[in-house]
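First chain A sits with chain B, and in the next complex the same chain sits with chain C.
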Partner chain A sequence: MTRSDGPAKLEGRAEFGTDVEVPGMLWGALVYAPVAHGRIRRVPLSGVRSMPGVAAAVGPDDLDRLLPGGGDRNRPVFPRTEVMYRNQPIAAVAARTASEARAAADAVRADIEELPALIDLETRFPEWPGPEAARSEGIIAHVHARHGDPDGAFRSADLVLTETYRTSGIHQVAIEPHACVARVDGGVWHVTTTTQTPFGVREDAAEILGIREADLVVEGTWVGGGFGGKGAAFLEPYALLLAAAAGRPVRLGFGYREEFLLGRSTLPSIIRIETAVSGRRIEARRVRLLLDSGASLPGRDFATGYSIGFLLGPYKIPAFEMEGYAVRTNKPPFGPHRAPFAPQCVFALESHMDELARRLAVDPIAFRLEHVWAEGDPTQFGQRVGPFGARAALEAARARIAAWRTDAPAGHGIGVALGFWSTGTGAGGETRLRLSERELVIEQGEREIGSGSVIRGLVAVAERVTGLPAESIRVAYSDTSTAPYDTGVFGSRTVGALGQAVEKAAKTLLGILGERLGTPPVRLEFAEGRIAVLTNKGLRGLETLLTDTERTAGGLLVGGRHFGTPGTIDESRVLDGTFYPYSDFTAAVHACEVNVDPETGAVRVVRSAAFHDVGVVVDRPMAVAQIEGGVAMGLGEALTEEALWSSDGRLLNPGLLDYRIPTLGEVPSIEVVPIEGFLGAGPFGAKGLGEPPVIAVPAAVANAVAAATGARVFELPLTAERVVRALKRLEGPARA
Partner chain B sequence: MSQPIRLTVNGTDLERSDLDDAERLLDTLRWRLGLKGTKEGCRTGDCGACTVLVDGESTLSCLTLTREVEGTRITTIEGVRGEPAGPNVLTAFGAEPALQCGYCTPGFVMALTGLLQEEGSTHRTSNLVDELEGNLCRCTGYRSIIRAIGALGDELR
Partner chain C sequence: MRVYLASVATDGKANSHALARPPVTFSFVQPTSVEAALRAVGTPGSVAIAGGTDLLLDFDNQRIAADRVVSLNGLPWKHLTRAGGRLVVGSTLPLRRIELDPRVAVDLPGLYQSVHAVGGVPLRHRATMGGNLVRASPASDLLPVLLALEATVHIVGAYGSRASSLDDFLRGSRSVDLAPGELIESVSVPYPAPSAYVWQRVRPAKDISQVGVAVARVPGAGHWNVALGGVVPRPIRSPSAERHLTRLRPKAEEITRAAEAASEGVAFATDRRASEAYRHLLVSVLVRRALDKAIPPEAPS
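The block that comes next holds the complex of A and B.
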């Protein structure tokens, strides 16, 4: 077993957020708005307060009473005046049992005046908005940048290709739903919750509640999958508010229906890409993005300005213009989903790259190789590209698909796509290492979400620096009042960023031991349950190197911290909004072979291979597992996953039967090919691997379908219906 | 007041009179008996995370009323080591390891254990994979689970 959490998880002994239970606990339930947009007149709760088992009911009128200053005015726990999306929580109830809480919440009859709702992007913008739209009502963010002379390049081009792509809303679908247990005790607010970011929840929930971060303690649990859906505060503020009102602990959890209806998911977009080519050289590109941001968009400009960069791709383009709009609609707020918005942008861009190559009669991989960044090239904002394995990954993919071509049955199609990612090594964190005679403990503030980045990744870093074997290294968890600060498990950053803190601390530890020994340690060793230090003078038991105080305190304690320094971009290219520098430059190439049923349009992926610019492999089994899982998720995004809304803002498929994620028999063989040697910022040159595996998959599938059938599908996912429509367009008179 | 219900859970005989008539086996196991290894996922029978064995047969505890299984023998993940195929399944999943976040894992272990113990079971890796389509995993892409099933197949032969 290469995972120390394996036995507990296998036998059901790991306590997840959904499992947490404390004595005297009440059950919470949320009251949901019955309209997608409306003006709140009254949320009467006095009736439900006397229902069986009800201990507390809280709504907008209770915020001033229960929270300092009534909580955050811009982001109130419950809306005070306006409902922004259907099922928005407008009140909450705590009761003795779950069913009593649900019954009481369902009995609330809010008086809400329904207002016209905007659900679909194209209702707001039937045509592409002009610059005058940037400051208009409901535009949450506008970003605009230009470099060189794109207009001139388009005028003189040999070929101009303009295409419009559409992407759909997708849900994270972690198997564990959200759940937390809150209590307020002696002026301290506590919440135990399933989260990717305990410190992020602390910051966010404290702000929403209007309390000091120091007065809020967040304790993480084992996390049953995150994928971006368990980042910022979500259920915690409601649970904390209920606990404050009831004076008792309150559990608040979601069922899957609520996960689908309310989870912070990725929302639809419309993408337009235009490219000007002279000879076979890309001279200019214009990209435009209309992003449905729902009721709100976390990080506004960041989400838009970062996403849109993926539409230019990791390619040398002398001139460009890009413009993005984040449009408020009456849907639940937009939320991050593994590699936020990269699979969608890469789907559009890499489909477009294949279409360009087809029109130029160039091999699509050769066409990419002619344009792809190499180390030292400038990005669109003049940043220098660091070590980057895109070329090597593309070349490896070319060799692999050449082999596939020799035995692929007639009618099968092979597609390749290149994805780009920038690992979030800029977001920092701290750790403490505690070395005793018997073990090395990594004290840190994250929780393991499944990838193994905490339970295995951080351990592997400590192993490699100290020489100790994994069985002598333990990862310790605690709550935000005692754990070292860390920004959390997101952005593929755990090994890359927190791993650097562990690396530094481990080196400091060896340095201190070296001073005490008078000679530098070669490594630490572990035998018969005891740690010893190996030097050129021999082996020395650790017990002789620790002071009495250190022994009493549980070991020699050292800290390590890593706070990255962001790169810079050429601001002269920015016309509006904010754009962001990249940190690590990470390439992800996906290749797959598909079979398309010409009658039904059903697409079956029969084999696939993933080529990942990992820097170095820190732990091979974990890396392989991470890539396999990411590819499967990408297949869902490519083929079946699509949130469907009615024109009045009802989610039409809030369940697993109608929102289909891949099942056991649907994931083909996945060959995993790490591309090593293009070193990143992480320990030993490791790059992040949490998000890259998903990025290029939808695009590769779309390119394979086009290769198999000649039909291009311009919308994600490639459902059977869309494929059939594309096939019919191919046959139809419009084409003739 | 409800009639008392008798169950045998992981080899222990229980009689409870505090259960609601419409109570699901999932909730009885988790919140009355504290057996939280049985995971709560969708509660609609779509994800398989709550799978337990009822008289040896793989069963979704979220779609089962506790009253329906009166008098039966129930095995949860906490008791799987006592089932004939349980230790082998645990070993195969652990060796791979065929898990990441671990939330779907008890459901897979129980479903697979139930399949292998079916009377006259002649399961091979390929049809085991078909039979387990009702268990969803979002982390692994199933490849490690398929490898674990494959390893198990070899051991059984």
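The block that comes next holds the complex of A and C.
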């Protein structure tokens, strides 16, 4: 495998967001709120404006002066009246040096009246809220749906199982912190930033600042990992505001501690799941979700309605009721984390499925196979399921673990879980292909975020359509003023959606060449630095097929566009809020074997296998790497990753010492098994593979621990202490 | 007058929740004689380092506020010598050198195991015994085994040298009996000594132990010594366990009683790494495992 970004990154030449410096640049620093909740009386800045090196200081009182209309009233750059979470930026300073900026920011003494803070979900709702809570203060999203007669099914059921699961806050832990450099020049606002979504930042930041999107140019850099944490405007509005105030470029960046304390991490939840079974058939299910939203929940209806669906699907359940609440707390805003909230919901669902199977004395995989969706089945909202490899993936996992069982030592446990995800989400995108005598350039609007989906994935699509080798294909980057629009590198959509645009453009390109040749081109070839067309009559040099304009003006240019068209849902089942249809139905089955120390509860995952409904594999090394990375990330969520909050809203573990991601020592061998043939809408039938690898891992580990010990752990992560508590070997108060 | 350790011990204003900090600046000196080193660390605003592995972290956490860093790496304190039945470890000797010494693993298996438990290999190439002693972290992986081995700390100061038992030297969390301007020259332990160190962590690699347990049979002692780390502000001995362990090869029921008694009457900490109840459970499990690991097998008849 070659990745064209490899040498530059290995040699340190690739410029990431944290590397960007421009001449005359000032350094920015944010002023952080010292309380988790408070009423702002005054943020005095005149004192710090005269401190050494300070070029600008901006706070809530400056918004009206610097921004059209003072910026977005609902989402002001700085809060005008109320601090909603500890360390919320309430002002910002730009100075000659980083030290001067920090010193000035630290010198700001805001006058803030502290108010009672709500940190823990269960403080707000010690009991499950009833429907009357839906319109109460602090509920920022409420979703409710029902179908069939769940109450009747529960009354007549042979078995009713009710369980409550809890999940913890988790960080994305991208290796590169957020950073950007902003300038305002001749009425154009410009920001260079590390982002998964250059166009998303443009839309979001323009709205926050109250400026036209056309007046804001966003230029992406190389991105040192995103995982959902770099998907919207974050530091950019602060930096742009400082640049506007100072009249000079301003750099603003986070250190790693700020990344933990302020980064948009995923927050805790409480999930209640109840299932009614007759014989061995699931007849009905009720689910409840309490989602800690922090100060705000981006895309709140989507986030809540989309998440809760994962507590039902991908299983045939005749009757259901589901209700979810997004609850505002005084923590930083909720942020998406690779497959937002699917690993958490799948942990609850798939633990619950195993517990049902255990009570019914049914093999857990057989139980899933009896209920899992197949193509053509209706979803909970009556959408028809598309090609779906869940059954094949489960059967492959069953065969694999049968082999494991023959050599697993006594005391080891094997667990399996089925994850479901909808990939290739509907958002649109466009690319331009520019074919010259020497290269094929893919012009597009994203930056490579590390997975390879842009720098390698798009190239692999073009390779496969045109026949050109990778060394003759180049991915071009530019800013939002010139690049074709695309929605962003998120949602497992890059190869599936943007790749589809490349596929279409490449086919158009071949069609044009065919017309000019009078015969369909077979493939393009690349030899001795030049591109040629292979037809059934032999090779033709490309130069003979280009017009004079094309030869002199940068090549033959064609566009390709993609817009996903997900299905529709039966809205009559929706009682409140918004639910969404699925795009490509994508299954991810994970199997693992664990060793549990029966005395200490310590869990060690000794081997694992991942079965992925990929449609087709576009590039095998990249697919394998994506799955291996996702499994490692899932193991962290399963075993060690947990944000700990004090009752006054302090994050107690804002660093990599006490927020523990796996080291290589905790990651076992990972067998990668692509399940091909259940085609999605992506190029050649590919489905997305960015997020699925992480989804089923925590649930599979939980099921393996239960198999090893007989004890069910109802909370993520499965720390050793939680395992011994589940084994009833330990009582008394839990950790601080 | 400001010594690294002293500032750590007395600075109660450490603000581990502050967000971004300005970069720190300091001057750096590396004296080559003990006299010069003592003068240098006696100068106000100075902080002494050996491996220096915690220096930037301490600056970052505002535990120290020094403008001059004094490296002790120019001193002749990187020795590992054996004399009079004692192993003497120079205070600035990197831990990796102890780990790689072929005889330590044989003569003092507990010491080897505890050194091996510290951080990762790159860190052990820098981190030192002296640094770990003055840091006096409650969760140190080295201190329990040194305590169980009844280690002696050899200290030099402007007014002469002195020796202290480790038990007297350790005062509390990040607090030791070292006067401003004093430095640790070496640590000594008796050898050979059957011994073991076992630990439990949330994540096995590169994490801080929730509990560490060391056991050692020191020549002349009437029982196995048992030391516990990570449970209270400083590593402690467990006399209630030790009294069951007078035999060189204790019986199974004596080991069980010792394991159960090990944390009797001591209130352990509940913090973000473990609850008090879980620490009690871990101590009893790990005391038994440490003894099982350390007790020499019966000689073949």
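Operating definition for what follows: the second predicted complex is superposed on the first by the 725 of 736 C-alpha atoms of A that agree within 3 Å, B and C clash if a C-alpha of one lies under 4 Å from a C-alpha of the other, contacts with A are read in each partner's own complex, and residues count from 1 in each chain.
Just so we're on the same page, a contact is a pair of C-beta atoms (placed from the backbone, for glycine too) under 8 Å apart; a residue touches a chain by one contact, two chains touch by 3 or more.
From a predicted model like this one, the values you see are computed outputs, not experimental measurements.
Q: If we overlay the two complexes on their shared chain A, which of chain B and chain C does A:A632 touch? Say first, second, both or neither.
A: After superposition on chain A, A:A632 lies in contact with chain B alone.
Q: Considering only the touch criterion stated at the top, classify A:D19 as touching first (chain B), second (chain C), both, or neither.
A: The answer is first: A:D19 touches chain B but not chain C.
Q: So in the superposed three-chain picture, is A:T663 touching just chain B, just chain C, both, or none of them (first/second/both/neither)?
A: In the superposed model, A:T663 contacts both chain B and chain C.
Q: State whether A:G225 touches chain B only (first), chain C only (second), both chains, or neither.
A: A:G225 sits against chain B, while chain C stays out of touch.
Q: Regarding the shared-chain residue A:S451, is it in contact with chain B (first), chain C (second), both, or neither?
A: first
Q: Let me test your reading of the model: by the given contact rule, A:V173 touches which partner, first (chain B), second (chain C), both or neither?
A: The first partner, chain B, only.
Q: Identify the partner contact of A:P7: answer first if only chain B is touched, second if only chain C is, both if each is, neither if none is.
A: The answer is first: A:P7 touches chain B but not chain C.
Q: Scan A:G255 for contacts with chain B and chain C and give back first, second, both or neither.
A: After superposing on A, A:G255 lies in contact with both chain B and chain C.
Q: Do chain B and chain C touch any of the same residues on chain A, and if so, which?
A: Looking at chain A, the two contact sets intersect at 99, 255, 257, 657, 662-665.
Q: Could you list, by residue number, the parts of chain B that touch chain A in their complex?
A: Per the touch definition, chain B meets chain A at residues 20, 30-31, 35-44, 46-47, 49, 76-78, 80-81, 90, 93-95, 97, 99-106, 109, 129-130, 132-133, 135-146.
Q: Could you list, by residue number, the parts of chain A that touch chain B in their complex?
A: Checking each residue of chain A against chain B gives 1-3, 5-16, 18-19, 21, 99, 173-177, 222-225, 227, 255-257, 448-452, 621, 625, 628-633, 655-657, 661-665, 667, 669-670.
Q: In the complex, go through chain C and note every residue touching chain A.
A: 17, 19-23, 60, 200, 202-208, 270-278, 281-282, 285
Q: If you look only at chain A, which of its residues touch chain C in the complex?
A: Residues 29-30, 32, 87, 98-99, 102-103, 105, 254-255, 257-258, 261-262, 599-600, 602, 604, 639-640, 644, 650-654, 657-658, 660, 662-666, 719-721, 724, 729-736 of chain A touch chain C in their complex.
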